């Protein structure tokens, strides 16, 4: 092939100078990190991410979006559908000026149906993208993807495993709503046995001086392993079966769904289910300054009449998810 | 958690100044509006939107796209598939410099399958997005979404209800093609009973001094309610069964499909169907300056030989849809 | 309708000046082209595209993305799923500053289910988009789309027909990895009968002075038609049944899958299949400077232990796909 003398398309020196002007690039402890587990976060890292998330909120409120991640590409790879989480990551990337390859059908993947391994799919996508967000039904899939990839991988839920960005947004919401975390009484309500979000949030709360109240039906109690971690930390923690026991003193009421399917004995389910529905009546017994949270979607466990209560924070919690993900994307790409 | 002193990521004052330079923000009568129904549009509003849509066309032709909605995010939420409409809104947002969260699978929604209400889904998406476009099979869904949302909602079709942006692009096409609306003879052809588009277009035409001709099989006549509105306005309006009756005088021939499924008696269908196919033969009887329109997709009701006829406007009509949606997006976001 | 005097939204003269500053627009031999077949590319065109693709690589490595196609819209229309190819085109467009309408579900299309022809779907999308990428299961569909469209159409695979961008990225990878094409020994391995990629790559290699080795089971030999084209060119070409015959001298080993389904006699399949698996053992017999390629996905035909071998180029090959597609998009849109 003949050597071709093409007039250059780009003035790369000029573009590099401009790129650096888009946002102050600087090393931070998270550059290049995979975000796989809440175990990666200590108080310092949390403070850092929450500080950046607060900046993201102010930025969005004042100017909607920036060019911080302009030219960067996020591959958003969802092997099971999750409108809320994928939409949150997509909006986060876009508000930072980046672009998205949305692979969020949750239905069928051509490569999968052709027998490709997850590792090969990840190694393919990293050729196109600067960061990969992965939702996959199998525990350990995110770690496996991170080992295969040279670019940062963010775990958006690996089945019964972890969903660290959810736990971060939950804790961030507590801080934003209550102004602090230390000293609070946090009550978790509902399915504490299978609920991935309450497990991860509890782990993050171990870094703080909080009182914990766990409210669940007997068969859905918080796993022993986590209870022992709580006790090893010397935190004040109690378990109970009834929301009424905790409502008066709780600063945070974190509600999850009690699923009918968890009960082999339907009588048992019918007996307890009403104790786990948050109603205006119940809210009248709560403190004036406290906060009701929920990872959503909800299906009856918080009655819609509660939505107008200023203490109902679950939709603000959704918004916080976008800010946390913006902070994480900027951080792992070396731009925070 | 320790107070962290982070060097700020953004210079927000500078960014705010730049944002305002991206396009002249100014209040307009539509800022913050939900676009739910053609009933919201009078002659003034129509003139305003059409003027902006014309600017959008010139802009796209000359520079392809702008930064007017840079940083803004559109959630495009389609509960049933509509490639044409969703692609139109996505292109509209992108050509204005905005970003899109595409939730357009039309197949299954994780939140829906988990039992989430439409109101909760909308309240979730408004945490991420500045405007929501909704397509949903149930009548009234768009209004319900608009009531739930604090951000503008644009109805992209609520089942048998409304599809106002289609009616706006139809009317805009008439104006662009014929140079005016007052004084025209507009003939609507096909299924006038169930056709959502002809109902909405007729309602918009009530603001103008037009003659209307309604051409349909007996069982697919324009509903009495709409005929009465037309008569109350004092417009010249006639119904007929045969396109041949109107082809010579029509300035606008708006064609819709006569679906076999509407007929219980197939003989009846076979008897009439050929009267509703637009052919080159038929076009020879039409005026030299007139226009054939169709909301698409078509399945045989306009023969492909007509496509080369300069009076065939149905693909230009599609393009006008993008300009109308650009004008609406800019308007409801306070940028037009 | 009253004439409305709107203060103009845009300063189009200023925007036009800025647009031209985004990249040096200049005519090139490919402006406005449809990319349908490898037959469209001679040595000059290949040299041009490869030169641009190299620039794209350097640009991405240094500044991630540019504004070259800012404001332009790509409609990415995939009638069958292909995560790898659609993601590659999406990333390519986004890194050039353009936007994408992703219609990549590969499951159901509303317009199709409503009976719309491919030509009408294409004529609709060209109203919104500046370029269309089409994947469709039927041979000839891309050509048909190109005839319907006024904007450039890029064939991303038309069933048993062509997939020209794959062949271009394959050849580009050979050049990038080996520094040249003339003088190389290229061995193709596996299913040479039905493998679209090996057919197209062979056609491109006819422009160069290469030796060709075709390694396949008897029933999966390279079609006679292509073998005759190779011989007409006077190239040194041989067929064999065993990779072992070619491994020592090959500069390029292009591997494809031998599918069980191709064999009516399973004994025959079991007898030959192991001869077509690339293992570390086999690689020990290969030259120190050579390259193993694969169009992916792979399902066992290259053992994962080979991945760490620096001669394993299949993931770099994936990345080259993005650069080739960036070069093509820029070229057909008159910006390269």
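Letters A, B and C mark the chains as written, and numbering starts fresh at 1 in each.
Everything below uses one rule, namely that a contact is a pair of C-beta atoms (placed from the backbone, for glycine too) under 8 Å apart; a residue touches a chain by one contact, two chains touch by 3 or more.
Only a predicted model underlies this, so the values are computations on that prediction, with no experimental measurement involved.
> Rounded to the nearest 5 degrees, what is the angle of the rotation relating the C-alpha atoms of chain A to those of chain C?
About 120 degrees of rotation relates the two copies.
> Taking all residue numbers at the chain A/chain B interface, are over half used by both copies (same) or under half (different)?
Homomeric contact, different residues on each side for the most part.
> Could you please state the distance in Å, as a whole number, between where the Cα atoms of chain A are centred and where those of chain B are centred?
37
> What residues in chain C touch two or more of the other chains?
Residues 102, 105, 107.
> What residues on chain A touch chain B, complex-wise?
23-24, 26, 43-44, 46-48, 50-52, 55, 58-59, 62-66, 68, 80-84, 87-88, 90-91, 94-95, 102, 105-107, 175, 180-182, 208, 296-299, 304, 315-316, 318-319, 321-322, 330, 335-336
> Please give the residue numbers of chain C that touch chain B in the complex, ascending.
1-4, 6-10, 12, 15-16, 19, 70-73, 75, 99-103, 105, 107-111, 113-116, 119-121, 123-125, 127-130
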